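Shared between the two complexes below is subunit A, which has subunit B as its partner in the first and subunit C in the second.
The block that comes next holds the complex of A and B.
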């Protein structure tokens, strides 16, 4: 059977993608849509087999529910227009109640499937632990559902589509094929970005002819992603696996190295995959939203989450944070609190209630485990503290005559944010919450440079050349990021150079992957990390 | 419009609202300021701002905010 487990597999890069591009290039416009959809379902089938039925059911369901909502809206509007002005408000409210009932059904259906498949095992295991604690003879059997690939991503897309129809931001789509492409487009189905219907559906339907610019720009971006994944993320894998699995055997120094390596790995794996995904879409003339904006240049944790996994953050903001904080009870609370606590602390109460819900969802979205919940709560507390103490920090820095816009202060903020992120990732990667806490404690109570002095650090999974290669590539990525922070679009400036220079850059990138890529004997490629969420 | 500028200055005084067109994109208004602003605008102008209106385009400048207020007043 034609199976694959990642966008970096030979089956994807050497078979599915080239075959799709060739078919796309030779087909007339209308048939190109079918090519993309068939490629998408072939990809899904190759990864998840018969579980494709979940994606098909979700697509059909949002199609029908969207049309139902649209029908209710049109019917309600028509009826309201026939009424005198004073009778319109209650009629509008009645129509809205019906639409809300459909929305509630839709959310329960889609989120319910996700919850059942992804969280029932976690939930029942914890219920059984409670039964055991109270010495109850009852035990629930733990289900073993198979998760279709990308369910956490496409469920959010499905819910956002229905919410946007409900809010009249977009009209319900009568075209099932277009909706199917929006839901299942193969480059983004596995790890996002989480797209909005208004961003990608029309683009996917356009299916322009293949252009040289789109093809070369797309391929460059794919190459850059492959480099990040194969040269850095895969090279770090064995060390990370060794230390996180046998955490009790290593001291605080090695633990700290592994934590930093994991943070780098996660960034390189996920942002590398996004480069590949966005590059693939670009070949077909589709501009997917960016998911990263150089997150390690952030000055605060709050800013970090505006630059890391951007489409997940904006999804939570648009469909959880604002709807909650703008709900009637919380709005009243804000108005009341502002009068008594002022403009800074007033909105903080309702804001933090909504923020708490966002971070519970964010933690659990990443996986069914207490350490994921802890990860969410950790970031909730950091962001809340950032807002709470901001006036105090402004006051103290003012008294001490510290310029908050000076390079030194900004640099300190960047380093501090990076360290806080690393600690969060420790709990994120740890084999459970207990393991995470032990590893965190070790970094303070069992810290020595012995592993560096006796060179045992270089025997855990990375020798000194591996460290050197990773370091040099990270310096390269830092320099590229620095240019991007200044607003320089490097690919455009490379494209404007003479042919010889352009090809020198491309060959350098290919050689970097071929020579320094961590593949073959002695390496274990990292599984696509975000695809597991 | 003057009432709106007064409210904005009350929430975030360090901005020139006659020229600034990136209140959200430039991080002058964060999500807490927006919560505060929405509550105040609803009280002051007797409107309801639905969640669907909380988009960057509506909150990026005093002018776009004013247009949204006028539109919502008409809808009420």
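The block that comes next holds the complex of A and C.
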């Protein structure tokens, strides 16, 4: 009965969160940890039911594997100390080999569960297609696993914890309750941010008393997130669904509008969820890492990915890119290439190989489908081209006397990056790669403003008032982002104002949601997009 | 002192917020019960335009109700006034709202709940939003910001529109049902979701408090009804001490011909089926001896005008 599917559900905002806050406030410090953990498991249960067992199993396994790694490290260290200097190196290597074996087992276990649950269907479907192509009589049965919510997120957290223990960045945690909180903390279990043990575990264990500042600041941030989701993302949903599902019925202009709308929706949905998540954590005195830093102010695709889904990007950087580029074969390749291709292009080769792996993983992390892989490859190519052509661009702009730091040039870069992102999101959202290619083609071969002239644009799922309110809220968010880019912390400056002004700001935000929110009859709220990945 | 100040600020904030939400509700609430004024489900809400205290029987339910009961037929044959507050895929949260709305200006002696809606699951979030909308209508009518006019700011509410078919939706199409023997006896009992049960209990309590009797009525439908559902409603009626009439089992009193009396393969009745159901309902109500025949009462003269329009519509088809 108490099922829910989103942080924006009435059950979460009106029941689970307030009840947890009240219990947290009245309980003594030690019991607060239990309150948070029970709330986390209640949330998971309400979303995924019995699949909670996967989260429990993952938590228990990283606890045990972490302790095992720690035991091997301590044992190895103790043993090495007893040896003479010349015998230490082989003993160290032997100990490391054992740890590596445990680590490999851990990765295979956790990533294996993720691969099985999330990708086996995609893999077997493609194998069957191959069988069919070769007219083979064999066909594998396609499994239909139920996916626990947030598995793509908490698996990465689990792997990062074990890697950090293995690399001795953190000690293995002997406290199962603390580890369980780190893995399952309810605000972030569904859509991240992907936290590191060193970022959040200690904070979660600290469970400070509820403070007025944390409560009010947290609630403000939640409201801001709800506004983004309910006023913008949900309002755009019907138009996006209509165009992407029946893409053949619409011309290039409508397709382009839908693509821009989807990019806006994705940003508003995900960043709005992050506002809610980070705001919720703030209420409990936990500072979660930011996942967005105004990505549409980026000048290049590479910068965009440093500002969009930041914790995923840093995870890939720390656990895939660096280990690969620092591996012996790639190091060798770099030094060889440096000799023959110079200092700019030489390191690019091994960097590109590592980057390629990152973007294969990034694409597939978002979903099991060729269009997700295409999405990953699209960004890989863009980032690679950015690095390859950087010297050329500097040269050409120098010859043409174009100032790269001028407002016009930087503005052009921002618009260009935004357009490239939109194209990527087209393939990301399209109902398969073929549909994405057709839609992309239409924007160039079937473009006309007829849908605007005959007003049919306003009958697809959004009327002119819907467009107007979305536009106005986007302007508001742009102005806020502009202030943030200048380093102005708006919430602090609002908090310093007299009570009447603060109240007016909060009332405006609440009324904006209540009156202009896309909820109730006639609206279909967008399912949490990133929770599906 | 710090805590007192903060407490006072919080109270002040919430009082101000409720005031603003109340004011917004006042602005966006439809000022008339017509579509152009922003009223939803105008057929069901036509009851708001009926003369005060003139409705004897209030019918609630989903599309089964507005397909199976024709109040003008009932008026013609018995002189009882009924209004069908039926809407497509009605969920009990809306049933509850329509009931309370109807009782603002009416005092029906009988409330008939068509039982198909009892099995339509109400999402908890929808129920909560609906409850909020009952208290602060801005949560229900917020989308009216798109078409607010001068009158909305003045706040003069006057419901003037009435429905000549009194909530019934005429449909004479015939698409026969292939299923005929759908009421196979069993002891199995269909599940009524807990929240739905609570809604029905709330409806029953409200009727009791307002001096109305609640009757469960299952109108014939080969698609939607079965013996398991009958058992569930019979048990619920027993628990709540309500009368229950299942026309699916009364094939002699209500001789539905599934080749001619349905408009969509047994899902809903057509006009011929509705006439049969209403005819039996008239007899049933007469036998209860709780209602008065208003046909000679000049206070109800408008019902005769509506009857003429109803008959003209039926004849025209």
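Rule of thumb we're sticking to: the second predicted complex is superposed on the first by the 533 of 533 C-alpha atoms of A that agree within 3 Å, B and C clash if a C-alpha of one lies under 4 Å from a C-alpha of the other, contacts with A are read in each partner's own complex, and residues count from 1 in each chain.
In the analysis below, a contact is a pair of C-beta atoms (placed from the backbone, for glycine too) under 8 Å apart; a residue touches a chain by one contact, two chains touch by 3 or more.
Given the structure is predicted, the values throughout are model-derived calculations rather than measurements.
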Q) Does the subunit A-based superposition show subunit B and subunit C clashing or fitting? A) fit
Q.
Just checking: does A:255 make contact with subunit B only, subunit C only, both, or neither of them? Give me first, second, both or neither.
A. neither
Q. Given the touch rule stated above, what does A:387 touch, subunit B (first), subunit C (second), both, or neither?
A. first
Q) Of the two partner chains, subunit B (first) and subunit C (second), which one does A:362 touch, if any: first, second, both, or neither? A) neither
Q: Kindly classify A:338 by the partners it touches after superposition: subunit B alone (first), subunit C alone (second), both, or neither?
A: first
Q: Determine, under the contact definition given at the top, whether A:59 touches first (subunit B), second (subunit C), both, or neither.
A: neither
Q) So, does A:506 touch the first partner subunit B, the second partner subunit C, both, or neither? A) second
Q: Identify the partner contact of A:347: answer first if only subunit B is touched, second if only subunit C is, both if each is, neither if none is.
A: first
Q) Regarding the shared-chain residue A:321, is it in contact with subunit B (first), subunit C (second), both, or neither? A) first
Q. How wide is the angle at subunit A between subunit B and subunit C, using CA centres, rounded to the nearest 10°?
A. 170
**Q.** Shortest CA-CA distance between subunit B and subunit C [superposed frame, angstrom]
**A.** 40
Q. Where on subunit A do the contacts with subunit B and the contacts with subunit C coincide?
A. none
Q: In the complex, go through subunit A and note every residue touching subunit B.
A: 167-169, 302-303, 317-318, 321-323, 325-326, 331, 334-335, 338, 343-344, 346-348, 350-351, 387
Q | Residue numbers on subunit A that touch subunit C, as the complex places them | A | 1-4, 9-11, 14, 212, 463, 465, 499, 503, 506-507, 510-511, 514-517, 519-522
Q. Across the complex, what residues on subunit B touch subunit A?
A. 10-11, 27, 30-33, 35-36, 38-40, 42-43, 49-52, 54
Q.
Under the definition above, what is the set of subunit C residues touching subunit A in their complex?
A. 6, 9, 12-13, 16-17, 20-21, 24, 28, 40, 124-125, 128-129, 133, 138-140, 142-143, 145-146, 193-195
